[in-house]
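In what follows, a structure is listed as structure tokens, so that the remarks can point back to it.
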Amino acid sequence: MSNVFIAFQANEEARPIIEAILADNPGAQVDHSPALVKIDVPKRLTIKRQTIENLTGQPFDLQQIHVNLVTLSGHIDEDDDQFTLSWKH
Amino acid sequence: MDTRVIKRKLGLKERYAAMTRGLGWETTYQPMDKVYPYDKYEGIKIHDWDRWQDPFRLTMDAYWKYQGEKERKLYAVIDAFAQNNGFLGISDARYVNALKLFIQGVSPLEYYAHRGFAHAGRSFRGEGARVACQMQSIDELRHYQTETHAISTYNKYFNGMHHANHWFDRVWYLSVPKSFFEDACTAGPFEFLTSVSFSFEYVLTNLLFVPFMSGAAHNGDMSTVTFGFSAQSDESRHMTLGIECIKFMLEQDEANVPIVQRWIDKWFWRGYRLLTLVAMMQDYMLPKRGLSWKEAWEMYAESNGGALFKDLARYGIREPKGWADACDGKHHISHQAWNTFYNYNAAAPFHTWVPTDEELAWLSEKYPESFDKYYRPVFEFYREQQQAGNRFYNKNLPMLCTTCQIPMLFTEPGDPTQIAYRESRYEGDTYHFCSDHCKEIFDNEPEKFVQSWLPVHQIYQGHCFKPGVDPTAPGFDPLAAVLDYYELEFGRDNLDFEGSEDQKNFQRWRTGAA
Amino acid sequence: MTIDLKTRSIEPLRATYAHVAKYIGEGRIPSRYEEATMGAQPMVNFHYRPTWDPDHELFDASRTRVVMSDWYKLRDPRQFYYASWTMTRARQQDSMESNYQFVEQRGLIDKMPAEMRQKVCRVLMPLRHVAWGGNMNNASVCAYGYGTAFTAPAMMHALDHLGAAQYLTRLGLALEGPDALDEGLQAWLEDPIWQPLRRYVEDTFVVQDPFELFVAQNVALDGLLYPLIYGAFVDDHVAMQGGTAVAMLTAFMSEWFDESSRWVDAVVKTAAAESDDNCAVITQWARAWGTRAQAALQPVAALALGDAADAALTDARAELDTRLTKAGLA
């Protein structure tokens, strides 16, 4: 089974995004390096706008992840409410 | 007041389509093939451009908003770094040589990518593809410019960076990245995307990014780390262009599959060869080390790349031909490359050195199968010679592989004691290669590769002297004349780190001496 | 209490990169624009001819009839490099967002007379496609032009055009909904009013000389279109008749035209001043394309302004001619 992954800069703005990913993706594993947080999930990873908004108490546009996103792996599917990475094999 | 109801509202995908592909039309006053003259000649068949998927639906206003935010943050860090003499916080002045390699060999590639994506951004018939290419074009300009600005501080205080663009067009080892990217830019737009967006920015990207950025982080260079992360988020969009383009070509017509496979084979191998310089940087130029090249290869190429090619198998795509040889090379290429640069350091505008005992121990530990057996003895011998006052510099010129243009330093897969030699004959001449894969690349496109501007050949043909130089004059020193053509400052830009101006200056600044 | 701040004074070895100093002078500290632009483009020792254009090198000044001893003379007076361009546009998009909020909260679109909304769509929606043409042509200039000073702002300009096209799209969706976009495309393809302009745009798509293309698109076409549509039609006509919302929601376009005209004029002026030959060839292009553009815009002006069309178009041409005379064209 292959992992998909996503990595963010380790800063204040990215923290609720990372927390939301860990909450919504059982099986997620976090790796901390200098200034970088990488999250691996088998096969499929979803980021939900609602979860982030619940954490921050502020409206959140999923496109905001671009500001702190570092890299990712997997096929992307996105709409107003969710952003998903997955492999099809 | 009239109550007005707008009858139909658009969903996210449709709205984005209205903002991009809805802007285009089939021309009638000029034939479509004349308006788009470059997107059919490669033989790639596209039946329905409407099937192109836009994964990141960034309209220009969102692009400006988020990129503007990123730039503000990035330049705040660059400014702070410059104001506070942040370079004094790096581990050791030898680290700066990694940045020299970067500004000489990577930043110009960003510029080529900017222009190449402009061409692709005009050439494809599909509007969605053009928009993605144009955004990438301006992103790559961003990378060239932010790198230039971030490294500007270092350039003020250290040597080996100030003439980077001039060197890029002339100096022997820089023809490796130059020819790589020119090969991509001079190819058609579909091959260009397969080469850059897919092979380089999807399959191999982490092997360029992680070594430099984690190297910077481990060695106290927060400016470069910040730049790296900021740029890499653009890369996420670029990666999706790469994977989308590959899927699109493969899904449009079965006849595209063998063409795409051949490109994947070619560009995986050319990309892998280009990364030799990065491997060497990662294992030898970082005073404080993180991952070894071998570890990075195993993590990012073998496991991540493995997952990718499993995914593409359903289209009939297999792993690139050179995969096994590239994996074999992980034990060797960094050491072989450093050995070469150590030898040729008189002609290269950055410093080299023999690793410290601590560093040799790290190398032994990270390379249990190869280092102590094949490479440690070489470096220990060099150290002996240096200590006896014989730090030598090779004054001959190496034979280059015609395709990748790297000196013939690579060994046979499975036998690191044998240099690998291959050759082809074409129209009465013999051409030389470092591997089966470089030979095959040549054999598939000989008309292209016979044009290569091979630095060593060009030197011997007398094309690497300044105007007015007379090679027949008594006492003529060809190597000195070449270094002059390079505009390399002898004794400042080149030679061993020991005794260099960089070393002396850094020592002086760090201890606070006036 | 005295605070003794001892700063370490470390003397730099040099001010900047040699490929920048070559253009700005030794020992001078460059602006960010200069440092990021000067000398960026590789110029010699190319390895392979483009398979898509084997008659030229990858970067080749001979693709154009204009001759410059130094293409880096074509500086952008706005001094846009990526960061300053993006941050400027980010502020502008913020301002457009505020305008949208203002208009929506007060129901200003609903308060517009229906015929006005429909007329605005009839005039502005086909212009989405003209802006798309501007995007394509400026991407060409970036791809095939010579020297970073000239080509980098062209890609910014291409994306600015895309931004304008997207603002127009958003406006159409707000005024009349998706049907307006479909009708705009139909008109663009079939309505006699739009055919001369569409023919003009498609003819620009096959211009090979990147400098001629720059003139045909950025000087001649936009030089007339913008004052006519965003000046005479939107600001002077629509806004005066209850359509202030439209002026607000197209504010980006007028602002951008004024700002980018500084770049366009500087390029023309510098290139024309280089030699009599350049001046002659650029003048000839400006005249020929200018005359064609004016004729192509005639029916569009009539649609937008009725009886006031001729005067508006004549004014726009006079404005353009003044700019070009100031830029040194004959």
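Read from first to last, the chains carry the letters A, B and C; within each, the first residue is number 1.
Here is the rule we go by: a contact is a pair of C-beta atoms (placed from the backbone, for glycine too) under 8 Å apart; a residue touches a chain by one contact, two chains touch by 3 or more.
Just so it is clear, the model here is predicted, and its values are computed rather than measured.
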| item | value |
| --- | --- |
| Overall pattern in which the protein chains touch one another (line/ring/star/complete/other) | line |
| Innermost chain, where centres are averages of C-alpha coordinates | B |
| Distance from the mean Cα position of subunit C to that of subunit B, given in whole angstrom | 33 |
| Distance from the mean Cα position of subunit B to that of subunit A, given in whole angstrom | 28 |
| Whole-Å gap between the CA centroids of subunit A and subunit C | 38 |
| Of all residues in subunit B, the ones touching two or more other chains | 69 |
| Of all residues in subunit B, those that touch subunit A in their complex | 12-13, 55-58, 62, 66, 69-70, 205-206, 209, 214, 217-218, 225, 229, 232-233, 235-237, 239-240, 243, 304, 306-307, 310-311, 313-314 |
| Residues on subunit B engaged by subunit C in the complex (per definition of touch) | 1-2, 4, 6-10, 14-15, 18-19, 22-25, 27-30, 34-35, 37-38, 41, 59-61, 63-65, 67-69, 71-72, 74-75, 85, 88, 108, 111-112, 114-115, 118-119, 121-123, 127, 130-131, 134-135, 137-138, 141-142, 144-146, 148-149, 152, 155-159, 161-166, 168-170, 175, 178-179, 182-183, 185-188, 448-449, 451-453, 458, 487, 505, 509, 512, 514 |
| Subunit A residues touching subunit B - in the complex, by the definition given at the top | 2-3, 9, 33-36, 63-64, 66-73, 75-80, 87-89 |
| For the subunit C and subunit B complex, residues of the former touching the latter | 8-10, 12-19, 32, 35-37, 39-52, 58-59, 81-83, 86-87, 89-94, 96-97, 110-111, 114, 128-129, 131-132, 135-136, 139-140, 142-144, 148, 151-152, 155-156, 158-160, 162-163, 165-167, 169-170, 173, 176-179, 181, 185, 188-189, 198-199, 202-203, 205-206 |
